[in-house]
Amino acid sequence: MNIRTDLAMEAREILQKKDPESVSGVSESHETLAKGELTVTRVRIETEEGARKMGKAVGTYVTLEFPAVPERSMELEDEIANQLAKELKALLPEMTAETTALVVGLGNWNMTPDALGPRVVDQMLVTRHMLMAMPDAIDERIRSVSAIAPGVLGLTGLETFEVISSLVERIAPDVLVVIDSLAARKASRIGTTIQISDTGIQPGSGVGNRRREISQKTLGIPVIALGVPMVVYASTIAQDAIEMALSGGKRSLNSLEEKLLENVQQQVLSGTFPQMVVTPKEVDELIEEASKSLSEGLNMAFHDGLSLEEVRSYGV
Amino acid sequence: MNIRTDLAMEAREILQKKDPESVSGVSESHETLAKGELTVTRVRIETEEGARKMGKAVGTYVTLEFPAVPERSMELEDEIANQLAKELKALLPEMTAETTALVVGLGNWNMTPDALGPRVVDQMLVTRHMLMAMPDAIDERIRSVSAIAPGVLGLTGLETFEVISSLVERIAPDVLVVIDSLAARKASRIGTTIQISDTGIQPGSGVGNRRREISQKTLGIPVIALGVPMVVYASTIAQDAIEMALSGGKRSLNSLEEKLLENVQQQVLSGTFPQMVVTPKEVDELIEEASKSLSEGLNMAFHDGLSLEEVRSYGV
Amino acid sequence: MNIRTDLAMEAREILQKKDPESVSGVSESHETLAKGELTVTRVRIETEEGARKMGKAVGTYVTLEFPAVPERSMELEDEIANQLAKELKALLPEMTAETTALVVGLGNWNMTPDALGPRVVDQMLVTRHMLMAMPDAIDERIRSVSAIAPGVLGLTGLETFEVISSLVERIAPDVLVVIDSLAARKASRIGTTIQISDTGIQPGSGVGNRRREISQKTLGIPVIALGVPMVVYASTIAQDAIEMALSGGKRSLNSLEEKLLENVQQQVLSGTFPQMVVTPKEVDELIEEASKSLSEGLNMAFHDGLSLEEVRSYGV
Amino acid sequence: MNIRTDLAMEAREILQKKDPESVSGVSESHETLAKGELTVTRVRIETEEGARKMGKAVGTYVTLEFPAVPERSMELEDEIANQLAKELKALLPEMTAETTALVVGLGNWNMTPDALGPRVVDQMLVTRHMLMAMPDAIDERIRSVSAIAPGVLGLTGLETFEVISSLVERIAPDVLVVIDSLAARKASRIGTTIQISDTGIQPGSGVGNRRREISQKTLGIPVIALGVPMVVYASTIAQDAIEMALSGGKRSLNSLEEKLLENVQQQVLSGTFPQMVVTPKEVDELIEEASKSLSEGLNMAFHDGLSLEEVRSYGV
């Protein structure tokens, strides 16, 4: 059965439930912060077999989880940005005065649930041009950052990979960060989860279904992927409902019941549902919140020692 | 059981399935146009008992159904606009040289799935000010139309009904047309259905959950409601899945199976699902298409004898 | 000669220059704050004769002047918002627990230089609906505020005055605040000046050229007008150039020169220039900055004792 | 004296007025179409000396002039698009089934007067990806077109030339078309003029002041530049006023008058005016109209034999 999620944490959860043996080659650890409101999960896919089973590349996947907007305090928002900066720094190469980073916002600015990447790019503190023009006039904590949103295939006629790889070749950054809207398995993860990984972007992942791998393997430089789930498949909502009913029962199901429910699941998956991708009706606000957190975290991670307050004051 | 749909056609369908007797007081007729691509369904709720069972006001509900955008030809789009104009004319009072119409776009322009009303208002051919200033200079087919999008309670602090009723009192239009994004029962109806009714807007309907009835009863003038489904409840997606499994079986279910499935449904409905309202990820495009059809239909219906081509040429 | 400016301060300046006698009935005082970066000018038109000469209504006009964005520090932005709140409080009726304020954003959201009003409305902390629904659950410093952007005549077919007066009648606020983009005489005032007055809005003022007076006289409640210049007439740019040349000369002009320059001015004013209204190419950013300052000032002025930090944290 | 205009036609006009001898090496021809409402001017800069005097590169500059929007009929809009397509075809290399074109929209989508390029890109009929994926399924009149809006230096940290040249190297198009908002000398040319040239983009031209030459010389492929004036310098408005006064007089000026006016001009140009760049308050609508004309013309010019109606029906 195909697991439709861009979150390694969810993929592991599902495998674990079906067969704890199956997740050999995949390790996981948890940390709880901010009085229990912020959970950090680190999944490491260590072997090719683990990668195959998970449907994800070998590497590290860090997930931040936190409550949805109405329950999120201002303090928690600060903690999310700060923790994100910390996790990014752990995965990024060291940012010295000579390091250059390129940020690429994947996605379609005309399609709200897929607009996360372009929106983050709009809020990046870009500095490469200033450091090239007048290196001595710039605060010494500032690193060289550039950012671009190349658009999607249907709008440009250009494969995203073509645009990125030609740019990487030309400006030779030390690290690439790609931002993308993700698809989750559970609707409750939309807008409440940030995933950071050192594996780049695999074909078919994300809301826009990129076609080519964007990774160290294909580009020759470290590629950090950063994303927030913004959509789920309608079919997974249906599966959730059935699983909830299953696990909600106090007693074990008898074999007849199990067989019946399996049939239900089968029929759902083979029907029209799997095609439809949905997002909460509040998606405009979710994108705004998520792009703020991501850009704040990135701006702090890149520029050595800039505080959250300083980052905000640049007002980008 | 609560039927969560703003479409009378769907409400009737559900009642009919559960108990054909239950829809006494409700009549329905169908018409197929445009080589089978455009279906017009007319539901009439004739009695108070019918209204109670349907959870909708007594009156006429006309529904246009057509394929989703990728399968919709240019010719079909013209047919939709023309048929919509025709159905609107049948429900509107006769538009004479003296008639004035007020169009109110309900909804929140900052929340894409709820922005249908404001977007239609932006595309209305408004003429009241011109007819007042220089009545003789205006093409005699033009009727007096004004249009406003009053916003939502959380953004203005004003109940929509307050704004509308004070305006209706002041400018005394002969008819009010209210545009709203609707919630459907089936996800497949999103962006593929237009509902026109002479009943106005009932509390709790629509994406934004209006709180006060906007109707001839509360305003004293005819109120035509016009809407397109843009959201469904996540819970109904789950229910659909289960029902599909049920009805998909070749044989009747035995009593054990039926009881089990009822339990599933029960648990789904009492869980966290019912709160979540979802929309397809293509919602931006769906809103654009729907607002175009609605404004074209309205502009033709209001102004006596303007063709679709003329309406488009005004480029509003 | 017609003075095309919505700023009382500019009108007085021009009159004063031409004939110091002419500004009898008009008083002016200045205050300098924020290390000289923030100037507050108070013009009082005290007599009908003063009003006639100034082309403005009898009343108080307070102007805040400050540097353009690139030279404006974060601290100065805070000072502007705080001083604006202070000046507003001096003109507003006392905001008690029972006071209700209505904010109306004039202007056209589809025309950037005229979008100031709607943009401020979007950022208002509206509370009327919450105070009506659950008065005891709300922070006691919060006052009842509602806000609406009624659009412009050409988009709605409704005269702004009609919409406002019908709403004022219905919801009976204690004070009305109207926000508008203004036309200045000098291009350098665009985005660097805020005018607050207790005279409301006069016909023909503002970017959108409102047609009806919106004031205590026409509405029966205090009307505070708040605006920022966003446009100038192309003709005033030309006049400025000529005046600059005139006053820039070290010596007095001889009579021939004066006559020649008068001819130039005459011809400019009678030509095609007076029709064209221009705005700086950075107008999108100017509108964003101005709407932020105005909404921050208003939110502090209305709600008793809310700090700038608290106002910002509401994140409206 | 520096002539601040991106229009070759205006530059020639100014030179011609000052000294008819000075425009040797520059030829010009006119054509009037559409019952006098559409003028086509062809300026050819033939020599390096002509180029130096004109402040423009050697090459062909075609200008379409037409009335401003309120006076422009639907028929005229069709004529503009059709004539633009014709002029583009004359400058483009022949578009065969193998030809690939890349369209680059220069400019900043967050700054309305500079957003022409990105807006045109949004409306391009891009086809490269489809022709690569399924060449046989596509209408044979369709040519391979891709389009991108790389943003501006201050938003991306990347010099536009870097992005374009790396892309050109990678995808190897046969021709590049660059779209840009232009600065004109006369305010009346804003939104009423289209310039097409085979010279590409020179440093310092356009609203955003590009820094590197984008041309056949720097990229190795033909570069067609396409633009519409959207701004003027405030200083040129002042100069116009003075010149109008000068030329408006029935008699010749005496030497004293001429000297005086020269002084005025001198002072204006050395003052604060030259810095300010202005645009009409209706700039949002002007950008929308211009991007529609440009994309229609381009879509017809690229795809062999597509009619205006077909181009519009694609609804991009």
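We call the chains A, B, C and D, going by the order they appear; numbering starts again at 1 in every chain.
Here is the rule we go by: a contact is a pair of C-beta atoms (placed from the backbone, for glycine too) under 8 Å apart; a residue touches a chain by one contact, two chains touch by 3 or more.
The structure presented is a predicted model; accordingly, all values stated were derived computationally and were not measured.
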Angle (degrees, nearest 5) of the CA superposition of chain A onto chain D: 180
Remotest chain, chain B as reference, centres from CA atoms: D
Chain C against chain B, contact positions shared by both copies (same if over half, else different): same
Chain B and chain C, separation of their C-alpha mean positions in angstrom: 41
Chain A and chain C, separation of their C-alpha mean positions in angstrom: 45
Mean-CA-position distance for chain D and chain C (Å): 37
Multi-chain contact residues (two or more partners), chain B: 110
List of chain B residues in touch with chain A within their complex: 110-114, 187-188, 207, 230-231, 234-235, 237-242, 244-245, 248-249, 256-257, 260-261, 263-264, 267-268, 271-273, 276-285
Residues of chain A that touch chain D when the two form their complex: 110, 121-122, 126-130, 144-151, 153-159, 162-163, 165-167, 169-171
